[in-house]
Amino acid sequence: MCAGLAARRLDSVNKIENKMTKVAQIKDVGRRENVSPILTVEGLGKSFGSVRVLNNVDFSMASGEVVAIIGPSGSGKSTFLRCINQLEPPTEGTICIGGQTIDASKGATKQQLAFLNRKLGMVFQSFNLFPHLTVLENVSLAQRRVLKRSAKEADERSMQLLTRVGLASKANMYPSRCSGGQQQRIAISRALALDPEVMLFDEPTSALDPEVGLEVLAVMRELANEGMTMIVVTHEMRFAENVSDRVVVMADGGIIEQGRSADVMRNPQHPRVQQFLTAVRDR
Amino acid sequence: MEIIDRWIEWFPQLMDGYWLSLQVTAVSLLIGIPPGLLFALWVGSKKRVNRALALIFIEVGRGGPVLILLQFFYFGLPTTGLTLTSFTASILALAWSTGSYTSEIIRGGLGAVPQGQREAARTLGLSSWDALRIIILPQGLRIALPPLLGFSLVILQTTSLCFTIALPELVGVANDIGSATFEYMSVLLLTGIMYAAVCIPATIFVGRYEKHLSRYESA
Amino acid sequence: METSQILAAMLAALPWTIALTFGSFIGGAIIGIPICAMRISKHKILRNIAIALILTLRSIPPIVWLFFIFFAFSQYVIQLSPFVAAIIGLALITSANMAEIYRGALSAVPKGQYEATKVLGLSTWQKYVHVIVPQVVRISVPAASTYCIGLLKDTAIASTIGVSELAQVANHISQETFRGLSVYAIAGLLYFAVSVVMALLSRQLDIHLRAKVER
């Protein structure tokens, strides 16, 4: 069922060369039947009381894709992301991931939620590191409690990840002693430690100074180059253009345009998108 | 200084009473705070039974004056055949009161933990129990600690009511001395000083500790 | 004694309890103002006196204060009725707590308000009476009403110096009738009922005051 839905969705997806693997078969335009998407969203809607935040959103993505979601404030970008991993349970629609279908009308079962949290990793705008645990403990905790790795295994993996982002020296410190950019890189390591298939980023650099944000974006770029499937809600236009494969533009609770990042960013079709990008560029 | 001589004379008795007050305080806190924590969690529980039990416990414990609760246990229960010593009755009443008020304090502390902590714990796949035990409780209880300490001082002062149910704590002893010697002023003055000697430094300490804690709040 | 008689006797004592509560609260709310003024004063001596006063009032059990005022006044000044002694004692303790509540409310008034009054050229008196104090009053309402409800329960202490309020009557009846269980339960329920009414009224007051200010 998922494959059928997905095939209709992936009309205009294109893949940048360096992300090989299964996605090599995706054609430029037109239908694809042989690659099943890793994630499919159909008819997603979300209301908070009487306020309609998301309206009938359809979306899908393939493994290894990097999708950037941009748009004005209040467009529902973050809500959309948070609906995917059920942080906000959607009001209507279905989400299909890894063979599991979650119907908004029935809600996700406990097993489905556990499944989701293992497949999806999330990085928050405000990092949300645990302040009373050391950096190492932050990264190892879920490995030990959820994946049941031994303390030794978990700490080794944590150190590996921390070394990769250049923060091994901070392992035994508390997060409050680290700068914002460092904390966010630790947060990324914490999410990666669980070996997720898809990484969700909710405005990861919005709470950081521009220069500091660059460190974090560099880590994200590296992740993308290694083939991680990523959805990034962001205001960083350069990142959207250069690192992501596809850009999705949202406004007023729906997707108003999407396509290859270069196409959307340089040659937007929708007037609203043109307006938005001009405003952003002219600052 | 005649008054000092009298004070020195009375001090041992009063100290015995004070010691009893402190014991009752300590035991009431020890017995009362764990239910306070439990009911703080049950108030928000999805199970109706838990919620109802929590509300009943909390409202009875703080809906009326502690004095009524004390007298209920000491004078009221015997009519059903169950007689308690004044010590036991004091502890039961004060522990219940402690549980009720501290459940509100703890609930406030837990609620003050940023929502992002819960979200991070969820997305990492931690079970609700693990999230509570490892992430929320340590942070929430730390926030609740200053008001809990402040409340402990209130309980110490509340033990002064226990003399109405024949507990020979500090005020009870002071009252006895007063009615025997008619030197109420002097003995009450000393009694007040004895309470203040503990409560004033303790209050200052809790105030400083609270400032020390909030200094760590950076992000 | 019939249950209805018990209830009647206790309801008859209720006005005393309510009188104690509001008498002490109003007395304390008024006395708390100068204490607060001293507490935030620029003069170090005044500030320290206020801090010492507040600390002392709150560090000694209310019952000790009540005994002290009742016996001390009776010995050295004039014979006080237990009721008056109770109100004086509770009002003093309330004043210390209200001073702290006012202080908290003052710090919650946005700094911009002070700046605006300066720029408009208002005198100190005008500044406080027309701008600052009304806001302090509004902000204090939640904490003050919570305290007042606590005060309702504290009035039970007055029973120990012989005031014929609810707790005293309950104690009396329980000793006379050996029906302690129901007597104290009824007393507890009465206190609870009054505090619920007070809570509802204070919510109305809070909403009314907020409606003027918030959109």
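Think of it as A, B and C in the order they're written, each chain with its own count starting at 1.
Quick note on the criterion: contacts are C-beta pairs under 8 Å (C-beta built on N, C-alpha and C of every residue); 3 or more make two chains touch, one makes a residue touch a chain.
Quantities reported herein were computed from a predicted structural model and do not represent experimental measurements.
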{"item": "Chain at maximum distance from chain B, centres defined as averaged CA atoms", "value": "A"}
{"item": "Chain pair, most C-beta pairs within the contact cut-off", "value": "B-C"}
{"item": "Chain centre separation (chain B, chain C; CA means) in Å", "value": "21"}
{"item": "Inter-chain centre distance, chain A versus chain B - centres from mean C-alpha coordinates, in Å", "value": "48"}
{"item": "Distance from chain C to chain A - Cα centre to Cα centre, in angstrom", "value": "55"}
{"item": "Residues of chain C touching chain B in the complex", "value": "55-56, 58-65, 67-68, 71-72, 75-76, 153-157, 159-160, 167, 170-171, 174-175, 178-181, 183-185, 187-189, 191-192, 195"}
{"item": "Chain C-facing residues of chain B, complex", "value": "59-60, 63-69, 71-72, 75-80, 153, 157-158, 160-161, 164, 171, 174-175, 178, 184-185, 188-189, 191-192, 195-196, 199-200, 203-204"}
{"item": "Residues of chain B defined as touching chain A within the complex", "value": "114, 116-117, 119-120, 122-127, 130, 134-135, 138-139, 142, 216, 218-219"}
{"item": "Chain B contact footprint on chain A (complex, rising order)", "value": "85, 87, 114, 117-118, 120-122, 124, 126-132, 141-142, 145-146, 175-176, 180, 183, 190-191, 194"}
